[in-house]
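In this document, chain identifiers A, B, C and D correspond to the written order of the chains, with residue numbering beginning at 1 in each.
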Amino acid sequence: MTAFRYRVTINRKRGLSDPEGATTRKALQDLGFISVESVSFGRILDLEVDSSDAETAQAEVEAMCAKLLANPVMEDFTIEAVS
Amino acid sequence: MTAFRYRVTINRKRGLSDPEGATTRKALQDLGFISVESVSFGRILDLEVDSSDAETAQAEVEAMCAKLLANPVMEDFTIEAVS
Amino acid sequence: MTAKDQAPPHIQLGMTDEEYEHVIEILGREPMAAELAMYSVMWSEHCSYKSSRAHLGAFSADQPWVVVGPGENAGVVDLGDGWLAALRIESHNHPSYVEPYQGAATGVGGILRDVFTMGARPIAVWDPLRFGPLDEPRNRYLLEGVVSGIAGYGNAVGVPTLGGEIEFADRFSQNPLVNVMALGILQRDQLVLSAASEVGSLAILLGNATGRDGIGGASILASASFEEGDEEKRPNVQVGDPFEEKKLIEACLELYDRGLVEAIQDLGAAGISCATSETAGNGGRGMEVDLDRVHLREPDMTAGEILMSESQERMLAIVRPEDEAEVLALAKRWEIEASTIGTVTEGPQLVVHHRDELVADVPAASLADDAPVYHRPFERPGDLDEIWAREPEVPPDVDAAATLRLLLDDPAIGDRSWIWTQYDHMLFLNTVVGPGHDGSLLRIKETDKGLAVSTDGDALRTYLDARRGAARIVFESALNVAVTGARPYALVDNLNFGNPEVPEVMWQFVEAVEGMAWACGELDVPVVGGNVSFYNQTDGVDIYPAPVVGMLGFCEPMPERPPRLDRAEPGMSIYVLGPETVGDFAASAYDRIVNGELRGRPADVDGDAARHVVAAAATLAHTTPVLHDISSGGLAVALAEIAIASRCGLTVDTMPGPELFDETPLRFVAVTHDDELDTNEPHRRIGTMGGDVLDFGDAGRIDLAEATELFRNALPRRLH
Amino acid sequence: MTVAVVVFPGTNCEHDIVHALDLAGAESELVWHTDTDLSGAMGVVLPGGFAHGDYLRTGAIARFSPIMAEVERLAIEGTPTLGICNGFQILCEAGLLPGALVANRDLAFICKPVHLRVESTESILTRSATVGQVLEIPLNSYEGNYVAADLDAIEADGDVILRYCDATGRSDETSNPNGSMNAIAGITNRGRNVAGLMPHPERASESILGSEDGMVLIESFVASLTVPAT
């Protein structure tokens, strides 16, 4: 068994409103950072998965994202292997 | 003026509790993903900054992180330019 | 491409040919695109009540203390000394199935707006919920998502959630029900209505920017059944922003305080088109609207999108021109955006421009008033006689301990604190009796007035007999508020049903409405508002009929020490009050859980007896430490709940085993010191508190510790 | 002005703390977060709620509200300054108290009464209590989980004033509702004039609400207004 590492990046779908991003942008502008045009939030998850091979591991991570980690109605995700 | 884009990644400092990571790992294992060894959580912020040049823009983003976006008591951050 | 995509636009928007002809008749021409969108949404089931309207006249709001009855955003009743209470209930069923967190969250946001639109400060929320069985992962996901959505929004917006209700049944798997009720209080001079009557007044849009949220969302999601593979409906998720709503509440309350608004309307389904046409139409006026002045989140939106957007946290205030500057300044101080988008005109037209083009020119009142009314055919379900003929069975020597083990472990009977400890239920320091009791009781500070609320539903019993089931919900909620010391004062209802085009569903609906209206009449309780949610059907399966009520109780003075489940002490006597049991086991917890059956016909209720029992309970609440109504699981469960909350065992006289689990309505338990039960109502002393066992004599005994463990874990153990 | 109760957009417990201060005999005044003058305030309270929606990080945006420069000035000068729940989070973000608050161990909001043991009476919040006293006070938070990198220094310095415990005063994993390090529920600063706690003492201010245990904390604060804390 080997430990494989992945970084999952989860972003909100385009077009959905993002109150947190909008509020943070306003806070930055109030602090004088007037050059900030947009702020949007996302999440990353660094996962370590034990597996016999990379292919199985990656498939597992994809299943995890689809099943639990990302909310398909509101979020898109990408998976990236980390060495 | 050009629009520069950055991705800021904010992680909980090592040694401080990461309830999101711990709970997600447990939830994954409950779902049968027993191969997950560790999960750690972070947030990303995608920023768009208007600036005359990349250097100024990057400096601004660094200042934003230091001042507001990350809490030095419990978080580390990295900044990455996005093309 | 499906056949639907090639259909004419009005069919794609869910309109019938007849409805479309009617629009042409009203306008004297073919509608323009934005106009068609407006009619299609305003005439949808969700907005127009076209299938239910013909029947809702059975409800009466005819009591002297009703200030505002159905028709406005919320019902309003008089509490004396200048105080009023506003209440309303709403469903967010389909949005919560699509995205449980946001669906529930925006449901809370919407119901709060209905209440503060009236000038009231929202002071509490309740959440009646229905899901499929928890052994399916998807149902667990929905429950957890909905609860955290209500918590996430309600807590952050700063309105406590004081209770609710939960039921589980297979037919809610594909179609959970998420209802939310809100209560507000106000001073009489702060009451605001939605009619814009002064020509020249300005329409100011307050709050969130308008984006492409849920265009046609509420109406599409709430007016159509789900089919397999219905993914296109998914982008219609609306995202709630409790922070924006909190600012909006404070800003609006200050606007009312300063007398700056003539009328106000929240933006819900059909967004700007609904709010502008209703304010103008209600005042018998028209309005000129300029969509270029609407603050947008996405700059390139079309006129139709702007008009129909269901972006959350927006209000439309009608303001005299001389007050405009002050209103805008006040909005700025509360850090909300505001834009003047229209002017009230002589009428009757609602005239809308976008980028210098006329996009709509329709009689304002026609959108609401000319909506079709359908008298849909209804038919008694053919299998009902057969269902009634099958009698539930309970052996005469039923083992009380074994049965209680099963019942206390049921997620709909066991402790629901897993839900309500996630809700702020203490904010404002008004909560005198909180969640975990029959009804919640709030004080109104600086007065001796108290408000009690209970939300109740009973889909399984209503399925067996829609008329009796619905009536019994009303009586149960009346008794629930009575045991806190309040008398039933006003009711709001949420009628969750299947597809109204199915005659059997329509029959359930009509029976339920009549049963509910009768019960309210027997108790002199006015129905001051409600909501109808049809099309709760997935893949051809209709939900169990699920009317839900929110009963408001009122007391003055408040009981000094209102009854609580945890106030029983060793040595106190246990009494049962109310009618004799009649062997009522249809849709009982016993038949459902022990026998796994749904059959038989629920018992009827005698209206006179009901009025009597409810009044007796409300009086006794002023002097009795513990009062608890007997509902799901019968006497045995009611006693167990008292024992568990009070951490005190009990012994009851031997009685026929089935009597312990009988669910004959309108009965309640009182626990007090001997000879201190101050009532003329017939009562029976059945036992004594004390020890650490629940002892049912010959029927069996169970350790309090074991009962407590089962009860506490019923919900959590299924979720983790 | 006696006590300044600071209101941020999103704050919601301001009237509740005013009510409790009133019961303890102290007058108070609401101050909007864009104000910049607190001269004359004998004490400052940052109440509970969701300032700025708790977006980005709880307390992070509020900490830069215009009023905060004044709050910091007074706190440094020794004015009694109390943060309850969200107010505690803001004081931590502002660096007026050590540590930070993160999501509860079980990632769920918790609203329920909890037991607290008084660890030290050297603070504006606990001076009228006794060490070892057990109080029952409601908690109401999602981010109530206290973390600090320099925990040993905080403990050694005696900055911990309240710890989660059971009804008998014992602390262990089961009596810790949210995973806070060392079961810390409330702390004070070195100067002992700034204090923060996650539970809401104002929610335990009358017997009709279920408990009056919070009043000893409110009364401590009120007593500190006239007799400056050491």
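Please note the rule applied: contacts are C-beta pairs under 8 Å (C-beta built on N, C-alpha and C of every residue); 3 or more make two chains touch, one makes a residue touch a chain.
Computed from a predicted structure; not experimentally measured.
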Chain pair with more C-beta contacts, A-C versus C-D: C-D
Rounded Å distance between chain A and chain C, as computed from the means of their C-alpha atoms: 36
Rounded Å distance between chain B and chain D, as computed from the means of their C-alpha atoms: 29
Separation of mean Cα positions, chain C and chain B [Å, integer]: 40
Touching two or more other chains - residue numbers and ranges from chain B: 68-69
Residues of chain D engaged with two or more neighbouring chains: 52-53, 55-56, 60-61, 64
Residue list for chain C, restricted to those that touch at least two other chains: 241, 243-244
Contacting chain pairs - touch in the sense defined above: A-B, A-C, A-D, B-D, C-D
Chain B partner contacts - residues on chain D that touch it in the complex: 56-57, 60-61, 64, 92-93, 98-100, 102-107, 145, 147-149, 179, 181
Contact set on chain D toward chain C in their complex: 9-10, 12-13, 15-16, 19-20, 49-50, 52-55, 108-112, 138, 140, 142, 200, 202-203, 205-206, 208-209
Chain A to chain B touching residues, read off their complex: 3, 9, 11, 24, 27-28, 31, 33, 35-51, 57, 60, 63-64, 67-69
For the chain A and chain C complex, residues of the former touching the latter: 13, 15-19, 23, 71, 73-74
Residues on chain C engaged by chain D in the complex (per definition of touch): 148, 151-152, 155-156, 158, 241-244, 246-247, 334-335, 417, 420-429, 431-432, 443, 445
